[in-house]
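Consider the two complexes below, in which chain A is the common component and chain B and chain C are the respective partners.
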Partner chain A sequence: MTTSSQGDLPSPVVSPVLRAPQRPLRRLREGWPAYLFVLPSVVLMAYFSYVPAYTAITRAFTDWDGLNVPTFTGLENFQRALTDPVMGQAALNAGIWVVLGLLLAVIPPLLIAELIFNLRGERRQYAWRSLFVVPIVVPSLVLLLMWGTFFRSDGLINTVLSSVGLGAWRHDWLSDPSTALYSLIFLGFPYVDVFFLLLLYSGLQNIGTEVFEAGKIDGATGWRRVLYLDLPLLKPQLGLIVLLSIIGNVQYFISPLVLTSGGPGYATTVPALLMYNTATRNGEYGYAMAIAVLLMLVVIVLTGASRLIGRERS
Partner chain B sequence: MKQKKVLLSVSLLGAALLGSANAAPGAWKGTITMYVQEYTPNWPDAAKPLKAFQQIADEYQKANPGIQIKFSTTPIPDNDTNVRVKAAAGELFDVYWAQSSSLNSTLPKGVASDLSPAFAQPNPYIPGNKAWQDVMNKTQVAENRAPNGSVYVLSADNVAFTIFYNKDLFKKAGIAKPPTSWPELLAVSKKLKAAGINPFHQVPSYPWWGNFFVTDFYGKDFARLTRFDGQPGQSGLDEAVAINKGILSPKDPRFMSWWPTFKQLTDTWPRDYLTLDASKNYDAFNQDFVGGKSAMIFEGSYSIRGLQDLGAKFAVGAFNFPTLTKAQSPYATGTYVANSVGGNGSFQYAISTPLANKTMRETGKSAAVLDWMRYFGTPKNVQRIIAENATYVPTWPGVNAPLSASFDSTPFKQQATKPRLELNVGSAAPGLGWTDMQRIFGLYLAGNITIDQAKTQVQTLLDKSANDYARKNKVDFSKYK
Partner chain C sequence: MSRRSLTAGELVRNAILLVLALLSLFPVYFSLVNSLKSPVQYAENLLNLPATLHPENYVLAWEQIKGPLFNSVIVTLSSVLATVIFAALSAYALALIDFPGRRLLFGLIFALLLVPDFLTLIPLYVQIKSLTLPSNYLAIILPTVAAGQPFAILVLYAAFRAMPRDMLEAARLDGAGHWALLRSIVLPLSLPILVSVSIIRLVPVWNDFLLPSLVLDEVHRTVPVALVGFQGGGAATGSTPNYGALMASYVLSALPLVVLFLFLMRSYVQGVTSGGVKA
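On to the complex of A and B.
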C-alpha cells in the first residue's frame, strides 16, 4: 500500500518499469521462461554466426589448408596481404566500386520511389511498385549471365550502338582493362534495388499529409519539396541504405567471379574475390581468412565513419 | 594438440596399411565407393553408356563375395572443391579421380594415400610381376611425384591435343586443305577472317600453346632441364630450379620470344575471350565452335565426346600443331612437339586416407581398397577401360587403344608414334599456369601491355613462385648445378 503526502489525492500507480532495479540473478530467476524461449535462437546464432567469425579471426594467424591442423604463423598472413601488389589493385577497385555503388544504391531507387509516390491513385502506385518488384523472382545469376552476353563484341550493347549510328563507340567491354570494372559496376540497368526502393517508398508514405500541406503553403513544391522536405525526413532510410550499400559492396565479388574471374589482368579483382580464390583455388585458407579479417575491419571503419558523418549532419 | 596427435596417428595407420598390404583383400567386407570421372560406367545421361569398369567390378565382386564396388554417377563440376569439401567432412570416396598436380600442390596434404610403396611391390594380378611400377610409364610416374617423394595417383592415360576444324566453314572460305606449317596457319586464319568467319573463338591457354614453343626452343636442353630431381620428365622441382637459375625465365631469350609470333595468330581472333579465364569459359567456347561461330578450336581428345554431345552438325577435321622452322624463330630446333600438350587424362586415381574418409579407419578396408586398385590396375584391364571410351591415349607400355573413329584421328595417330617431350612452367606453383601467367599472357595478346611490360611481370611472378616453392617444400636451390 502506498501513501500520499498530498492529503486525499489518489495514490499513483507505480509502473513496473519504474520499480527499483532488481539484482541480476533474481531477475534471471524470475524471467526464466522468457530466457528459455530465447535460448535456442541464441545458441543457433552463436554456433552459426559467431563461431565462424571466431574461427576466421583465430585461423587468420595460422597456415591452414582447410583439413589439417593449423600451424600458428603470427602476423605473416597479414603482412603478406598488406604487401601484395594484387591486393593494392584490388583495394583500389573496391574503393571505386564502393563510391559508385553508393550512388547507384541511392539515386535510382530514390528517383523511382519519388515518381511512384507522386502518381495519382493507389492502384497505379501499386501497379508500378509491383512492376519493379516482380523481377526479383529471377535468380541474380541469370541476370549476370545475360549481361555477360550483352557485353560481348557481338552482343546487344554493340549492336544497339551500331544501329543508332554510334558504331565508333563499340567496345570490347569486359576484355578491355579500362572498361571492365565500370562495365561490372554499371551492370543491371536501371539499377533499382527493390529493397532500397521499398524502403524509401515506405519512408515517403510515413511522412504525414499535414507536413506536405504545410510545406506547400511555404512554397515547397516539386524539386523544392524533395530537397527540403523529403530528403531530410528520409534521413533514417537513407542512412540505412548507405550502411547496407557500403557493407554489401565491400564484400561483393559475384559478378567479377562469374563474368571476368577478376580480369583482364587484375582490372576487376576485388579483395573479396582474392579471398575466395585464395581459399578455393590455392587452398590457402589461413591467408584467405586474414584477408577476410582485413575486410571486416574495413567494413567496421567505413560503417563507423558513415554513422559519424550522418550524426554530425543531423 | 590432442586432435593433432589423433589425426597424425590415423594418417600413419592408413599409410602403414597401404604400405604393408598384401594381395588378398582380407576379411573386410563392405562397399568400396569410386568416382572415376569420364570412365564412369552406366552414366545416366550418356547416349552410349560405358560398361567396361562395371564389368571389371562385377568380376572382382564375384571373386570376393561380400565386397561391393559402387560408382558415383553424380556430375562433379569442380573436382578440387568437391575433394576439399568431402575430405573436410571425412566423406571422401575410397577411390577418386584427381589431377596429380592438384594433389601435389593445392589440395590439402592428407587427402590421398602415398601409392609409391605399393608401386614398388608386386601386383599379384599381373602374372610374373615383381613390382607394379614395372608395367607403368616411368616418365609419367616421375612427373606425378610430389615434392616430398610421394606419388598419389595411379595413372595410365594421357590427353592428346590437336586443332579441330569445321570443314564446312573452311570450304565456305575457299580453303581446300588444313594448314601444315605456321605461315599456313596464319594465312588460313586471315582468309577465314576476310570471309567473315572467326578463325578461333576461345581463351588462348598459356600452358597449352606455351608447351609447343617452349619445348621446341629448349629441345636441346631437355635432358638437362628434367634431371634436377633425378627422375625422368619435368617435375615441379625441375621447373622451380630452372626458374631459379634463370633458364625458364625471361632472362633466357628463348622463354618469351614466341609471344609476338603467337600474337600474330590471336590478332585474327575476336577479343571476347583473349583476356578471360579458360576454365570459366570452357563451355562457352566449345558451344561457339559447335554453333559455327568459329572455324577452329584447339582442344583435347576428351572433347571428341563433348562435341558429339553438344550436337556438332558439320564434318569435323583435325590437324596437329606444325613443326616450327628457323624462318619463324631463330630458336626453333625442329623438335617434334605436337604431342607435348596433354598430361594425365581420366585414368588417374587416388585412394583416400583415413583422415579424409572415416570409413577407411575400418580394420582391413585400406588393404581391400588397394587390392581392388591392383585388380583394375593391370595392363589387361587398363586396355579394356581406355579402349572402350576411345578419347584418351594409353601410356603403359604394350597398352594400345585407338581414339574415336567418328572424327579424323590421323593427327592423334601421328602423335602416338613420337616420344613425348614437355617443357614449360605450370606445376611449381598454382599461379604459373592457368591463373596469374594467363592474366599477363591475355593482357599482352589483347594489346593492353607491351612485351617488355609482360616480361617484367612474368619475372616477378616466376621469382615469387620459385621462392614459395622453396619455402613450402624446404628446397635449397644452391644444391642443384
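On to the complex of A and C.
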C-alpha cells in the first residue's frame, strides 16, 4: 500500500499523528513536496520579515545612516535614548495613551456586547450586531482626517459647544499643548472597535445557557450576573483585548504623524513617532533602531506582565 | 439566553443601542451631507442637509481619487489573494505532510507574530528602496503578503487539521498526489474559512498607511496615502481645503468596502467570532 500507482507521486503520508515514526530518509522522500509547498511563504517571510528584524536589532548598536556601511558604537544609541529629555516626554505621553486607550478598548465594546446579548431574539441580536459592524467600511485614515477637521477652531466640536451654550470651552484642540494629546487619544467617539465587540459577543454566546440558569438560581441576575458570571467567564477574551490594546497603543503613531506632527512642541510626540522621524527626517537610522528595540522590549515586558497577572487571577 | 427581561428593560437597551449605533455611524452621515455642500454652506452649518445640492464636488473628488482607488484595489486584491494562496500551501504542508523541519518551521512562523511592525518598518523601507522591482506595486504587495503569512497560516493550519482524516486517507490510497488532494478536497471543503481569512486580512491591508507612504511613488500611491496628501499636511496648518470635495473623496474611498461588505459581512463576522480566541 505504500507504493503509489503513479511513479513520481510520493507514497501516502496523510496523518503524521496516526503513523509510527519512520526512518528520516524515508520521511524525507515521502514529504518532499512539503518543501515546495512552503517555499513561497518561507522566502517572503525570510526576506521581508526576518531580514528587516535582524537589521533593526543589529543596527541599533551602530551609527547606521541608511546608506553607508555602519560602524559599531556599542550602547551609545541606547544611552542617548534613555537620557534624551524628548524621549522622556514621549514615553510619558505613550504611558498616558496606553492607560486611557485600555479603558476605551474595553468599556465601550463590553457595554455594547452586553446590551446586544441581553436582547430578546436571535434575529434582533444579529441585526444590531451587523449594524455595529457597518462603520468598518470607513477607511481608518478617513476617520482620522475627519476628526482632524472636527478639532479645528471652525470645526464640529466647537460648533456643538457654542450651540449648547458652552462657547467658553471653545478651543483650537490640536494646537493647545494641554489638550492636543487627549484630543488624539479620545478621537473616534464612541470607540466601538468592531473586532473587540465581536470577540466579546461571541465570548458571551459561548458561555452556555445552563451556566446562566444556574446563576439565576443563585440570584445572579442583571448587574450581579455581569459582575460575577460574565466578566470572569470572559477572561480569555478580555485578556486578549487588553494585550492587543497595549501592544497596539505602545507602537501607534499614525494620528500624531498625520494630524499634529508630534506637536505642539512635543506634546503629542510618542516614542514610535520619534523613531520614525529620527530615521526618515534626520537620517539617524542607527539611533532610530535603538528606540525601536527599546520599544520592543517594553512590549515584551508588558505582554509578559499582563499574562502573569491573568494567570494569577485564575 | 436570558428570558427574564421586562419590556421596559428591553426598551431601554434598544434605545441605548440605537444612540450608540447612530454615534458610530455619525462619520458616515457627516461625510455624506457635507460632500454635497458648497464651502459657504459648509461654513454655515456642519450638520444639516444642504438646501441646494452640489454634486460637482464628486466630479472634482473623482478626478483626484480615481487613480489611488485603482491602485488600492490592485494592491489590496493581489496582496490578499497571494497571501491566502501561499498560506494555504504552507498550511497544507504543515498540517498534513510529515517532513523533517516541520516543527522548526512552525516555530519560526509563530515567532513572527511576536515581531512588532514598527521594528521592521524602517529597515524594510531601506531594503525595498534598494531593490529594483519590475513594478512599484510590488514594493508594497510583497511585504504585505509576507506580513500576512503568520496569521493566515495559523488559521488555515487549524482548519486543515480539523478536516475528516479518513476522506483524505482514502483519496491518498486512490493515488491522489498532494497537489490533487489540496485542489480537489482540502481547498473546496475549507472555502468558507478561506473567504473569512481573506476578508479579515483585507481590512487592514486596505487601510495600511505607513509602509505604502514610504515605498510607493506618486503614481502608485494608495487611497490612505492620497487622502493624507489632499489634507495638505495636517489639520494644524492654516489653509482651508475645499471641504465639500474632501468629504466627497472620503465617501468615494469607502465605496469598495461598502460593496464588499454587502456580500461578505457574514463571512467577516463568522470569521472573527469563530477563530478569535484559541488559547
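Definition applied: the second predicted complex is superposed on the first by the 267 of 314 C-alpha atoms of A that agree within 3 Å, B and C clash if a C-alpha of one lies under 4 Å from a C-alpha of the other, contacts with A are read in each partner's own complex, and residues count from 1 in each chain.
Here is the rule we use: contacts are C-beta pairs under 8 Å (C-beta built on N, C-alpha and C of every residue); 3 or more make two chains touch, one makes a residue touch a chain.
Quick caveat: nothing in here was measured; it's all calculated off a predicted structure.
Colleague: Using the touch definition from the top, say if A:283 reaches chain B (first), chain C (second), both or neither.
Modeller: After superposition on chain A, A:283 lies in contact with chain B alone.
Colleague: Answer with first, second, both or neither: which of chain B and chain C does A:66 touch in the superposed model?
Modeller: both
Colleague: Is A:37 touching the first partner chain B, the second partner chain C, both, or neither of them?
Modeller: second
Colleague: Please work out whether A:176 is in contact with chain B alone, chain C alone, both, or neither, and reply first, second, both or neither.
Modeller: Touch status of A:176: first partner only.
Colleague: With the two structures laid over each other on chain A, which partner does A:260 touch: chain B (first), chain C (second), both, or neither?
Modeller: both
Colleague: Just to be sure I read the superposition right, which of the two partners does A:217 touch: chain B = first, chain C = second, or both, or neither?
Modeller: neither
Colleague: For A:152 in the superposed arrangement: first (chain B), second (chain C), both or neither?
Modeller: Once the two structures are laid over each other on A, A:152 reaches both partners.
Colleague: Thinking of the overlay built on chain A, is A:45 touched by chain B (first), by chain C (second), by both, or by neither?
Modeller: In the superposition, A:45 contacts chain C only.
Colleague: Any idea whether chain B or chain C touches more of chain A?
Modeller: Looking at chain B versus chain C, the one contacting more residues of chain A is C.
Colleague: Residues on chain A in contact with chain B in one complex and with chain C in the other?
Modeller: On chain A, the residues that contact chain B in one structure and chain C in the other are 66, 152, 154, 174-175, 258, 260-261, 263-264, 280.
Colleague: For the complex, give me every residue of chain A touching chain C.
Modeller: Residue positions touching the partner: 1, 4-6, 9-10, 12-16, 18-19, 22, 24, 27-28, 30-35, 37-38, 40-42, 44-45, 47-53, 55-57, 59, 66, 108, 111-112, 115-116, 118-120, 128-143, 145-146, 148-149, 151-152, 154-156, 159, 174-175, 189-190, 192, 195, 198-199, 201-203, 205, 209, 212, 216, 221, 225, 236-237, 240, 247, 251, 253-254, 258-261, 263-264, 272, 275-276, 279-280, 285, 288-289, 292-293, 295-296, 299-300.
Colleague: If we count contacts the way the header does, which residues on chain A are in touch with chain B in the complex?
Modeller: So the residues of chain A touching chain B come out as 65-69, 152-154, 172, 174-177, 258, 260-261, 263-266, 277, 280-283.
Colleague: Which residues of chain B touch chain A in the complex?
Modeller: So the residues of chain B in touch with chain A come to 3-4, 7, 80-81, 84, 87-88, 106-111, 270-277, 280, 355-356, 430-431, 435, 439-440, 442-443, 446, 448-449.
Colleague: Can you list the chain C residues touching chain A in their complex?
Modeller: 1-5, 9-10, 13-14, 16-17, 20-21, 23-25, 27-28, 30-31, 43, 46-47, 86-87, 89-90, 92-94, 96-100, 102, 105, 108-109, 112, 114-127, 142-143, 145-147, 149-150, 153, 165, 168-169, 172-173, 175, 177-179, 203, 206-207, 209-210, 214, 223-224, 227-228, 231, 234-236, 243, 250, 253-254, 257-258, 261, 265, 268-269, 272-274, 276-277, 279
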